[in-house]
Every structure is written in structure tokens, then in C-alpha cells.
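There are two complexes below, and they share chain A, which is joined by chain B in the first and by chain C in the second.
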Partner chain A sequence: MDDNKENSPTVENIAAKLKNFKSLITHVRDVEDEAEVVARSLSEQYVYPETYQLEASLASNLKHLQEILSDSYDFHFREFIIAALNRQAAVVFIEGMSNQELINRQIIGKLLLPSATGQGDKPDNEVFGYLKNALLAVASLSMEDVMGEAVKRVLAGDTLLLIDGVTGIIVIESRKMEARAISEPETETNIRGSRDGFVESIQTNITLLRRRLKNPNLITKKVTIGVRSETDFAVVYFRGIAHPRLAYEVEQRLRKIKIDVPNGIGVIQGLMEDHPYSPFPTLLATERPDKVVAGLVEGKVAIMMDGIPFILLAPATLSDFFQTSDDYNEKWVVASIIRLSRYVSAVFAMATPAIFVAITTFNPGLLPMLLTVTVANTRLGIPFPAFIEALVMIILLEILQEAGVRLPKTIGPAVSIVGGLVVGEATVRAGLVSAPMVIVIAFTAIASFNIANYRLNLIVRLFRIPLMLLGATLGMFGVMMGFLVMIAHLSMLESFGVPYLTPMIQKNSQQLSDIKDTFVVAPPSFMDERPQYLTPEDAKRQEK
Partner chain B sequence: MANLEAKGKMSPWQLGIVITSALLTARLLPATTYIVISSEQFLWLSSALAGLLFYSAAYLIILLGQQFPNETIGEYLPRLVGKKFGAVVFLIFITVQLINIINCLIAITTLYSIFLFDQTPRAVLIIVLLLAVIYCTMQEWGTILRVIQILVLALPMLYGFYSLIWINFETLNLLPLWPDNFSGILQGVAYHTEYYPGYESLLVLLPLAARGKVSFARTVGWGFLLVTIMYIIGGIVLIGAISAKTVSNVSYPVVFAMKSVEIPGTFIERLEDHMVTLFLPVTYISMMLSYYVIGEGCRKYLNYNDHRPFIPLFLPLIFFVCAFTNTPDRLEVLRNFSMFIGLFFSFVIIPLLLILAWRKKGNIEQC
Partner chain C sequence: MISFPRVSMLQFFIICFISAFGVSMTTLPGAVADAAKEDMWLTVVVGGVIFLFTFWTATKLASYFPQNTCIEYHRIILGPVLGEVVNVFLVVLLATVPIVSIRSFVVALKIYLLDLTPNFAVIVVLMVFFIYATQYGLFPIIRMQQIIFMSFHMLFLMIVLLGLLSIKTINYLPFLAQGFIPVLKGAIPSWYAYVGPEFAVGFFYPFISMKNQVLKWGLACIAVLTGVYTLITLIVQGILGSADTAHNLVPTIIAYRSVEIPDTFIERLDGYFFIFWIPVFTACMLIWVYFVSSGIKQILKLEYNRPIVVLVAPFLVYFVIVVPNFQTAQQISQWVNYAFLAWGLGILPILLTLAWWKEKRRNVC
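So, the complex of A and B:
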């Protein structure tokens, strides 16, 4: 009975069968999609160009290149006959990375011309020499015997010339990439220094250095990092000044990095640093060529990365983060005061909220009586403890600062005004935050803007809250503890073997002279020696 | 990793700085009362004699170290006095260092509790300070040395603050100028173990110092001289400001003297609170040094690769003794014990060890 009922063509049964049928169709589509994915994955296997062998046949080599570069629409090749040799040939290049005018005029144009001497074909081993000496009007070309290398070169913007019968590929330098023009560095502006900053092209950046250091002893060593990206890096140092062991160490650490794709200089920095888990940076990133040049002639080593306008200087000590190019363009007295103000600002930016919380919560005795009474009066009616008050204001400040950085330049100042003035004023009027707290936080923010280096600024901001927490739980004792631990931590740090607190802390009396460019800027006539802590090969910088 | 710096070594001058910075701690604050009870207004004379006496002890340690260059006390003790006696002497040495840490901890935490109106229980302050000391001591010697070189800057700042007491100086308080109670002055010298602690660290630190043109005796001597001069001037100004009678009646005379300082026409008040905060980094140095010396001494004695395992080992003991010593009676016992063991170690054990070392070396040379 039941079977009959199930098979009977009732409306419910038909609906159920239709539903099953729809589900089946959906499944079939899924299966079809899956099959497509499997088919694609089989045809799009990860390619290892080095596994391909170069052959004498042009067709085979072109086929291999097509397999390697598969569907990439920017990959182009053009077949033609070299008139002078009467041989089939092809040029291969990547559109947008190569100089097409050079390819058209100096490569294809020249190769299509018939031989002036009327000579015929050459033996295979003489073809490269003949093209180099008689036909190709290009500055730099070479012969590659390995497919992997040839692919790397074409992906870098060079042009490959494949000739039938020749077991090798002629690589012609023809790189021409669109690049941002040299402009003023945005994160390190100055008043009297040079206005040029590094750009994304490593070659342009090297040129910016060479323009300032016209000396054959400026060494640039190429290192390729990135198993998949083959990103170009350069280790730059001044031979005869930089300690050879330092230059060697920088290069070795760079070569040891086995990363898939280095996404930014920060990743490389993290992999090279002596203390990657410390929040303090032990390599100085800058986009100012004058700063890098100054570092190089002091005996430091620079690390450049293609595609990034920031260059790392090694080793970097804490005092390096307080220096700016302008320090050396002002009179030494003025520059010294400005630099000292940066150190003071860093301490204020880090500790003022914590000290205020500690004093109002635990140690009002540290303030003069009148001030204590004034502060206490303003805090009357505030519902929150000083720590919460400060915490809320700091979080607000951080949000405003981050918003100011990320927003378009036209909107950034508006956000600051709304946040700083309107919200600040409103919170005080509403009795949520005391006026002294607003003053403290505003002062903290201004002090942090005086820190020359953005990364150091971030660290200072980072330490505000833990210090405040210590101030809120243990008073001034806690704040002092925080500072002691921080000093211990800073003393522990090293950058390529150089203690992070050098030259503030000296190893011996010889290093005493390094103090002249630490807290203050000595007159130029005193700057006759390079920093001793870098153990430069040539310690003398100028004759007195 | 490349290292352009030689780690774990210091110059003779750095050794001098280390020992100098270890001498001045918050321990001197309560001790001043006891010294003045005995020495009266001749605190300065007592401090001068103590400086001479304790430097002679440090000099004996340097002489002992010269007999065993590149070796710490833990390494040559078994050879010098045998394994059992060596262990006992080494234990006394460790005890001297531990007591320095304990005394420093008690002094600084009590100071904070009393003068900064801190509501935090003293035990919490002790444990936080101990953890901060441990964090630093767990590092290698190069790091510790750098920390000392930074924190030593608090010393002139502290002394600068203290010098404001000159404002209240009255010469009459120093009279009579000629001492008539020599026994009291000498008794006061003994209490100066609180004024000159930590030089025993030389027994472990000497091998870490590079031998150069300048002798250790000279650099350490300069350190002692500097600190002694500071104590002499400090003693004169303290008695001159608040009189010997007042000093002997208050628990923390230096802070008391500071309380009475007023700089008219300025905004600044209650300078004693600021001075108290400066005592923390100064005392931290001594604690850190003693703790490192314990770890390094144990490492060498037990032939370990690293000093770090020994650092947390002593934490419960230090904390327990500090927390337990919370009544005046217990503090008195601890003070007497630390004075006794300090003097016994410096003026009985060290000379004996030196004589033994000379005798043994003499025998070897004769052979």
C-alpha cells in the first residue's frame, strides 16, 4: 500500500521529484566546475624554468617559453628572419617592462636589414659574435645557456633574442619601467637640506648615492631574495671606511633569508635584526639619500630593496633615531638645543600621562601644595579614576593620529580639529575628563610630534599605556620600575654587534669622542673623526 | 652573529665605576642614626676612617685576586682551603651578597612606603623590585655593565639634591671640633658596613676586568676616595643642618634634613620626595650587582655554562627574609647579623685566605 502511495502521481510527489531533479542539476554543475578546476590545475602546474633545457630549435625554445609564461597577456614574441644570416629568429619581451623603441629600432630593425657585405650564413658558434659586432646596436648584451636565467632576465625587463640553430639565448638589456619621479620625502621633511628622496627603483636610488659619492670605492653588491619573487637587493658600503666584517655580516644575513616573497623592507628588517622580538628598531630606515650618504661615510652599511623607497642603515643605535639632516645645516648651538629637545620630548611623550596618573593616584606629595590643590579641585566631580580618564584620552588620541595618517591630506587636518578641539572641549564641559588631563594628553601628543623618527614615535606611543598601568598600580615606584626595566632592555639590545645605547654608553675612553654627535651637535671643526664604535678602517674624516 | 665588541669584559676604569656605584645605597639612610648615636657630630671622621678601613679590605681582595688571575673565589677556594672549608667560605660569601640585596630591598621599600605615602603593601613593592632586578641580572655581563653606566648618572643628581641641605647649614652644630669620644667614633666605623657594601663583589668581578696599564687597586681606590669624600662632606652638612642630637633621634635623618629645605621664591617644594625617588636607581645598581655576583659565583663554583639558572633560585629566600623582617626587633637582628658577617668576611676570612694563598704560592716557588 505504502509503495503504491509513494509512486502515485500526487502533487506532493511531483514537487519532491522536481526538487530532487533540481538538486541533481545543481550537483552536475558542481561536478562540472570541479572537473574544470582539476583540468586547470593539471594544465597550470607550478613551473620551474630551470628544469627546461635549451635546444637548437627555435620552435622548441619558443614553445618552452610559451609554456613557462603560459597565458600571461603581457608576454610578447615576434618572429622574423635575420636577413644577413638568413636564419629564423624571434624576440621575446614583457610589455611595459621593456624599451619597445629600442626593440623596434635597434634589434628588429637592424636584424631585418640585409648584410652590407653580402655575407651569407655563419657557423652556429659565430652567430653571437657576428650579431654583437656587426648588427645589434645596443650597449649591453650577453649569451645565456640556461633557460632559468633567461626567464629571470626577461621578467626583469630584458629582451631575449632566440635564433634557430643556436643553443642559447641572447639577452639584450632593454629595461624601461615606469617609475615615480624623485620627490621630497614625506616622512622626513626638512628645512635646509636637500629635497630629493628615494624612489621605488633600486637603480635610481643607487644613482642618487653615486651622484653624491663620486668615488669608485662606493661598493654596491647585488643580492637576490625571494624564492618566488626574485627581488633585487643591494648591499652598499664604502670600501676603506666600513669595517669589512660589518659589510660581510650584512651581506651574509641578507643572503641567508629564504623567504617566498619579501613584501616590504620591514619583513627583511625583522629577519635580519639581532633582536626581532624587541619593539625597538635596530636598523634605521630612511628615504633620504643625504642621510644614507652620511651613514656610509661614517662606516655604516646600507641595504636597498627594489620597489621600496626606504633604505636600511646598519648598525643603528638609539641616538641615530634622534638625528635629522637639518641638524647639520643649522648652527651647532641651535642644532644642539633642538636635538636635546627631541630627547626630552621622547621622555615626556612616553611618561607624562604615567607620572600624572601616579601623582594623582598615589603620590600627590611630589607636587607643590598649590598645584596639588588646583589639580584636586579640577578633578572634583569626575566619575572616573585618573587611569581610566587617561586611558580613554590616549585611546582617543591614538585613533585621531591613525585617522590623520590614513585619511586623504585634505581631510586629515579637519579630523584633528574636530577630534582635538571639539571632542576635548566637550568632554571637559561634560565633566567626564578633567582639564589638567586634557592638557597632559595634548602636551604628550605635541611632544611625540617632536620625535624625529616615525618608528621611534610609535614605540614611544606603545610604552605609554604599560607605564600608565604601572603608575596606576604602584605609583611613582611603578613608573621608576618601568624605566629601570626599559633601560635594562635597551642595554641588552645590539645592532650588528654594536650596543644599542652606544655612544651614550661608552666602552672605553677612545669612544668618548663619539658623544659629540649624540645629545648635542658639536661644531663642524670638532667632527674630525668618524664614530669609533663603528670601528671604521679610516677613522679620520677631516683635517683640522 | 657578528660582534664588533668584546663581550663580558670591562676596563679597569669600568671596574672602578661599578664598585663605586655599588657602594652608595639606600642602606645608609637608616644606618646614619646608629652611627651618629655612637660618633655624635664626628660622623664625618667616622666615615673617613671607615672609608680607609673598607678600602683596605677591598685592597686585600684585589691582592687575593692577583694570586689567582682569571679565577673567581668559587674556583680557587677548594684548592686553597679544601672542599669542605671551601664550601663553607663560599656559602659565607653568598650570604654576604644575599644580605646586601635583602638590606637594600628593605631599605628602599620602607623608604617608599613611608615617604611617598604609598598605599601599596611592602611585599608587593619587594616582589616588583626583585623581578626588575632579576630581569636585568638574567642578561649577560655586558648588558649589566651598560645598565650600571646609565644608572650611575643618578648618583650626581642625588648628591646635587642632597647638597641643598647646605642652605640650612650652621657651623655651631659641628662644635666641638676636637673629638673626645674616640671609642664612639670607632664604634661608628663598624656600623659603616651599611655605608660601604658590595665591594666583596670584586672576588667575582676581577676576572671580568681586563688587566691594562692602570691597576685595579688604583681605579677601585679612586672610587672609594670619591665615595668617602661624598660621605665626609655629606656628614658635615647633615650635622651642620640638623645637629647630631636631632640625627640620633630620627629614623631617616637625611630625608628629615631634606624636609626642612625651602627655596624661597621658587615653585619647588618637598624636595625629600624627589630625593627618595632618586635612591631607587642608585640602590638598584647594588642589588643587581650582588645578584649577578651570586649567579656568576655559583656558576663558576659548580662549573655551569650559564649563570642564569642560579638567579631565580634565590628569589623565594630573599623574598621570605624581606617579608619576614617587618618589625623593629627583627630589623635590629638583621642589621647586627649583616654587620657581623660583613666584618667577619672582610677582616677575618679574606686576610686568612690571602695568607694561605701567599704561603701556598711560596711553597710552590720553593719547590
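So, the complex of A and C:
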């Protein structure tokens, strides 16, 4: 009875069996997924192309390439017969990186044509010469006999030509990558200077320099960095001007970097700098070709990275961050005043809130009596001490500035209006912040906009709060000590052996001439010498 | 781009100036007014002229040992034992300058700028700064001195010049009423104001690029120092008169309290005088702390003075706090002044004579 009951197909039994069956299916699927993962992990091991040997057989070489490139969908190969040689061949290229028109017309198209002279096959060692001289209508090609190098070239956009029976790969230069058009630099706009800026292509960037310096002494040395990415870098300098030791030092530091993938020029900068823990940059990043050219002819060395529209100039001193291209396009008097205003702005942008807090908290006697009374009256009823008041306003300012940078350009101004006008006005009306504090913070913000370099602007913003804290705890003594610590830090910094405060401070009277392009801009006729601190090979810049 | 760094003559000039200028200009007029009355400014000039001899002695002595610092050539001249005794005396003497000066500075700061802030906070902040600034050796310190000299010293000297607006010429008379003897007597307390360049020569001579120019640049620096001190003394005398100057502890600050520039943003000058005195003072003290740490480093024959500064700083803090008040600090500084006088006009000439005699004997052999 019981057995019958157990075996009887009741609804409960069927449901239980179905549940078990469903669980089994799920389990089988899990096992299948796991097996797939294991299989993939076995088949997709990290590949070292240099471990593959080139063979005479086309099929073997193609198989190796397929293994190396793991059948990626942008990897293409096309097999055909070279009519003139009656040999099996294949072209291999990466879609989107190679010039497909060139591959179709000048490689495959030419190789499919029968020989006009009716010649038959050639010995293996003569094939490359025959193709180069008689068949392929391309400007640059070479023979690679190492698989690793051939793979590097195809990944850079070149086309590989594999021929059956030939133990080598013909590499045909056919790079053509989609690139952003040359446009005006967004972070370094100017009024009267050139409007072109660097782009992501290192070749285009070198072209932008060569267009300005048509001189065989402009040296570009290729350095590859990135164990996994094989990213192209270039060290650029002007032979006969740049000190050879500087060029050597830059190249050596670059070559010593053993990173898997350099994600940006900032990473490389951090790995090359003399003082990576300092907030001050000791390499100047710019996206202006005219600025790089100016640096190169002064005796500096440029570092270019493929895929990044910024170029680093070495060495960089603090005064470099206050210079703009427009300084040299204006009359020297005007340019000098503007440049001086940048230095003054940097000091104001950093210290105004701190000085205001110090004065209102500790040293009101520094202000004229009437102004002291006015400030004191406006602060009546404010529930916070001056430091908290300033801190809140600065945090608000920082948020607004950061929001303005991240938001689309169409919304950016709206944020400024809402933040600056509406919130500012409302806080004063609500009695949370005094009107002089709003003026101080607004002045600080405007002063910071006058700093020519964005990175320097960030540093000025960074030091604002510690200085304010010193002002709030130790008054003007604290602010002064803050300045002194900063000067001590700047005095300690060096960029490739050049003190960071050069040429603001000269070592001797011979270097005094360097000051003509530091705080002020001297008339062009005075700019007849290159900066002494760079120890250029040729010190003369122009004949008087 | 890495080259062996050397101290240029411009840098040497600045170091000499900063090592002397920064502490005593606030008390100097008071110290000389007591002895020389209306001729107090002349006393400062006489002090400067006598100090030229000390500087000449120090330079001449250093020139016998172009590759050695003063700590090293003391051992060569006097032998290892006596040389080390002199070195220890010198380091202790050097250490008293920051101790006494910081104490006086902190008291002045408390009176005129930070009345509610505990002294300890200010002393610790100063010491932390000295530790940080001396961590990277001599050349960052020199660069720092240069930038401070070009900015803060210039601004400070401009403020000093504004004091001319309040002087009364009647305060300078009568001239030499008591003869020249009080002027010479007054030169003794003025000595402390000039101390510094002779030690700069002693410690930095091996690093100087053009050693044959040291005397010329050093004398020029002392001439400039004498000019600035005389100007400050003249201004303080012109504002307060010699009697008031003699009775005040920090007559220079008191004098600048009474300088007013009405209808301008700067109504009263004392606050600005004080604020710009902070970097001037700190730069001066930094050099002296470096002297002390460098001296100890060389006595202990160590390679770096980084750990020395860190170890010395707490002792300096302790001794600064131990000095009970401004008056005691001033009394100690008087004794320190005598010690420096003995060093400059006694020990240095003896060392020079011994060095000359040794050199002569070596040439004969």
C-alpha cells in the first residue's frame, strides 16, 4: 500500500521531481559555465609573441598569428595566390588601424596581377627583392624575421605579408588611424598666438613641431614604455642647443620606467620627477606646439606620448608656470604688467582668506581704524567664527569650480550664476556669512582665474586651507610661517638638477640676465641669450 | 645636469647679511643709547669698522685651510684635544644665539602681536620650521635665504625707511658733546649686531666658488650692514630721542609704533614692521641653527646633519623656555656679546697667528 502510494504520480511527487530536475539542470549549466571558464583560461593564457618561431610554411605562421591575436574580431587576414610567383600568400592587418585602400589596391591588387614578363617562381631568398622592386607599389616596407616584432608592427597599424616558403614576414607600412582634428587647445587659450594644439597622435604632434622647426637638428628619439601596452613615447630636443647630459638624463629616466600600461602622461610625470611627493609639478605639461618649440630652442627637452595631447617639457621651474604664449605677442610693457599681475594673483588667491581670518581674529590693528569698524559691524550677528565662515565659503567655491569643470559647457555658466549670485546673496541675507567675507572669497576666486597654468591653480587652491588654518590659530605669525614653509619647500625642489626657483634667484651675476623673462618680459631685442640655467650648448639666440 | 654645487659670491653676500641682520636691530639702539647718548648712531658705525678687522681675520684664517671648515681647522691648528675643546665652546656659543634671540622674539611677539597665544606654541612652530628647512642640506637653505632676502628683506627695509617720516632733527644734537670715549664704549654692546659673517666664512669657505673674492664681498656686506644699522639707529633716535631709546627694552618697535601715515591704508607702521620682521628673524635664526647642527655634525664626524637638527631642536626648545623673561634674556645676551667679542678680537687673531706660524714653519722645513 505504502509503496504504491510512494510510486503513485501524485501532484506533489511530480512537483518534487520537477524541482529536482530543474535543480539538476541549473547545476549542469553551472558545471558547463565553469568548464567553459576553465577551457578559456587554458586557451587564453597570456601570450608572449617573441616565443613563437617563424617558419617557412604559410599555414603554420598564420596559425601562430591566430593564436597570438586570439581570433580578435578586428584581426583580419586574406589568403590569395601571388600570380607572378605562383605562391600562396596572405595579408594580415588590424581593421581600423590600417589603410585598407592601400591594402586593396597597392598590395593585394598588385600581387594578383600576372607578371608582365611572364617570369615564374623565384628562389626563396629573392622573393622579397622581387616584390619590393617589381610588384608592391608602396613607399615603405621591410622584412622581419622575428614574430614578436612583426606582431608589434601589425598592432601599430602596419600590414603583414606572409608568403609560403619564405621564413620571414614582409611588413608594409600602412598605418591610418582615425584621429581628432587639430584644434585650439582648450586649457591654454590665447588671443594673438597660434590656434593649433596637440592631438592624440604622436606622429601628428611631431609634424606640428617639424612644421615650425625645419631643421635636421630637431631630434626625435623613440622610446617604448608599457610592458603590456607598448606605448610609443618620443624624446625631442634640439641638437646643438640642449645640453647633451639633459637629453641623456631624460631618455634614461624614461627608459627606466617599467610600468605595464601608462594610463596618462601624469603617471609618467610622477615616475620621472625629481620630487614625486611634492605637490608642485617639476615638469611642464602643455598642449601648445608654440610653447614646446620655444622650450626646445631654449635648450629644454620634450617628452611626447602617443594617445595624449599633452607634452612634457623638462626641466621646468616655477616661473615657467606663469608664462603664456601671449606674453610674447604683446608689447613688452603690457606683457610685463600682465605677467606681474599673475604672480600677485597667485599670492592673493592663496593668502587673501588666510590674511583676512588672521586680521579679523588676531590682528585688527593692521587695518585702518575705519575699515576695522566697518568689518566688525558687518560681522555682528554672524554665528560662526571667521575661520568657519571662510572655510564654508571656500568649500562652496571649490564645489562650484569643480562642478563648472565637469559639467557640459552649456550648463557651466548656470552653475556659476546659481552658486555665485544666488547662494552668495542668500547667505549674506540670512546672516550666515558677512558681506566682506563674500567679497574676500570672490576676490580670491577671480585672482585664481588669472593664474595661467591649471596645475598651479590647483596647488594654490590646495594651500589655501592650511594657510587659513595657520592664520586662525597663530594670526599673521602663522600666515608668515606658512609662507616660509612654502618657500623652504620650493627651495628644496629641483627639476633635472635645476633649482625650482631659478631664475627668480640667481646663483651669480652672470645669471642675472635670465630674469628678463621671469617677472617681466623684456623687449625682444634684449632676448638675445638663452637661459643660462639650462646651460645650453649655444648660448646666443639672436645677433644684435 | 647634476653638477657639484658651489656657493657663489652673491649667495655668500646674502648669507653674511642675513646671519647678522634679523635679531638685534630691535634692541641695538637701546644698547648703544645708554653709553653714547646723542652719538649713539656714531657708535654703530664704529662697531662696524672694528668688526671689519674680525672679518678680515676670519677670512685670512680660512684662506690657510681652503678645503676645511672652521671646526676642522681648529683641530689642525690646536691639535685634536684642545681643538675639540674650542669646537665645543664654539658650538655652545653658537647655540646661545638662537636660544636668547628666540626668547626675546617670542616675548616681543606676545606683547605686540599674539597676546593670548602661549609662548610654547610659537617656539614649537619655529623649531618645526627649522627642522624642516635644514633637512635638505646647505644649498636649499641658501636658495631660501636668497628668496627671503629679495622679497621680505627688501619690503622690511622699505618699512624701515618709512620711519624717516617721523624723525625730529633736534634729537641728534648735541654732537660729540662728551667726546669720543663714550662712542668707543658704546661700540661694545653694538658688537652683537654684527656677529655672523665671521662664522659664515668659517663654515662655508670650502664650498665657495671664488675664494679670492670672499674678503671683498664680505667687507661689502659689513659696510651695507653698518649702513642699515646706522639708519635704523638714526631713525629710532630721531623719533624717540636718546633718553627714551635707552629706557626701552625694544626701542625700535616702540619707535615704529609712533610712526603714522594718516589717510593711507597703512595708518600705523608697527604692525607691518613686526609682520615683516618675522621672516627676517626666522631666516637669520635658520642660519644659526644650521651653524649649530653643522658644528655638532663635524665634531661627531657624521656625514649628514639631518638627525642632529632633530635631536638638537628639543634642547633648544627647552633652553628657550627655561629663560624666565625678556630681561634675563637680555642679560644673557650681554654675556654672549662679551663671549663673541672675545672670540672675534681674541681667539680668532690667536688662531690666525698660530696658523701663520705653522705655515711659516712648514715653508722653512
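A few points about this structure:
We adopt the following convention: the second predicted complex is superposed on the first by the 512 of 544 C-alpha atoms of A that agree within 3 Å, B and C clash if a C-alpha of one lies under 4 Å from a C-alpha of the other, contacts with A are read in each partner's own complex, and residues count from 1 in each chain.
Here is the rule we go by: contacts are C-beta pairs under 8 Å (C-beta built on N, C-alpha and C of every residue); 3 or more make two chains touch, one makes a residue touch a chain.
Keep in mind that this is a model prediction, so the values were computed, not measured.
After superposition onto chain A, the modelled positions of chain B and chain C overlap sterically. Judged by the touch definition given at the top, the superposed model places A:368 against both chain B and chain C. In the superposition on chain A, A:422 contacts neither chain B nor chain C.
When the shared chain is aligned, chain B comes close enough to touch A:274, but chain C does not. In the superposed model, A:497 lies in contact with both chain B and chain C. By the touch criterion defined above, A:399 lies against neither chain B nor chain C after alignment on the C-alpha atoms of chain A. When both complexes are aligned on chain A by C-alpha atoms, chain A residues 243, 245-246, 249, 362-363, 365-366, 368-369, 473-478, 480-481, 484-485, 487-488, 491-492, 496-499, 501, 504-509, 535 touch chain B in the first and chain C in the second.
By the touch criterion given at the top, residues 243, 245-246, 248-249, 274, 362-366, 368-369, 371, 473-478, 480-481, 484-485, 487-488, 491-492, 494, 496-499, 501, 504-509, 533-535 of chain A touch chain B in their complex. The touching residues of chain B, counted against chain A in their complex, run 1-5, 11, 13, 112, 115-120, 124-125, 128-129, 132, 135-136, 139, 142-144, 146-147, 149-151, 267-270, 273-274, 277, 280-281, 284. Chain contact summary for the complex, chain A toward chain C: residues 243, 245-246, 249, 315, 362-363, 365-366, 368-369, 473-478, 480-481, 483-485, 487-488, 490-492, 496-499, 501, 504-509, 535.
Contacts from chain C toward chain A in the complex involve residues 1-3, 8-11, 109, 113-114, 117, 121-122, 125-126, 129, 132-133, 135-136, 139-141, 143-144, 146-148, 150, 209, 264-268, 271-272, 275, 278-279, 282-283.
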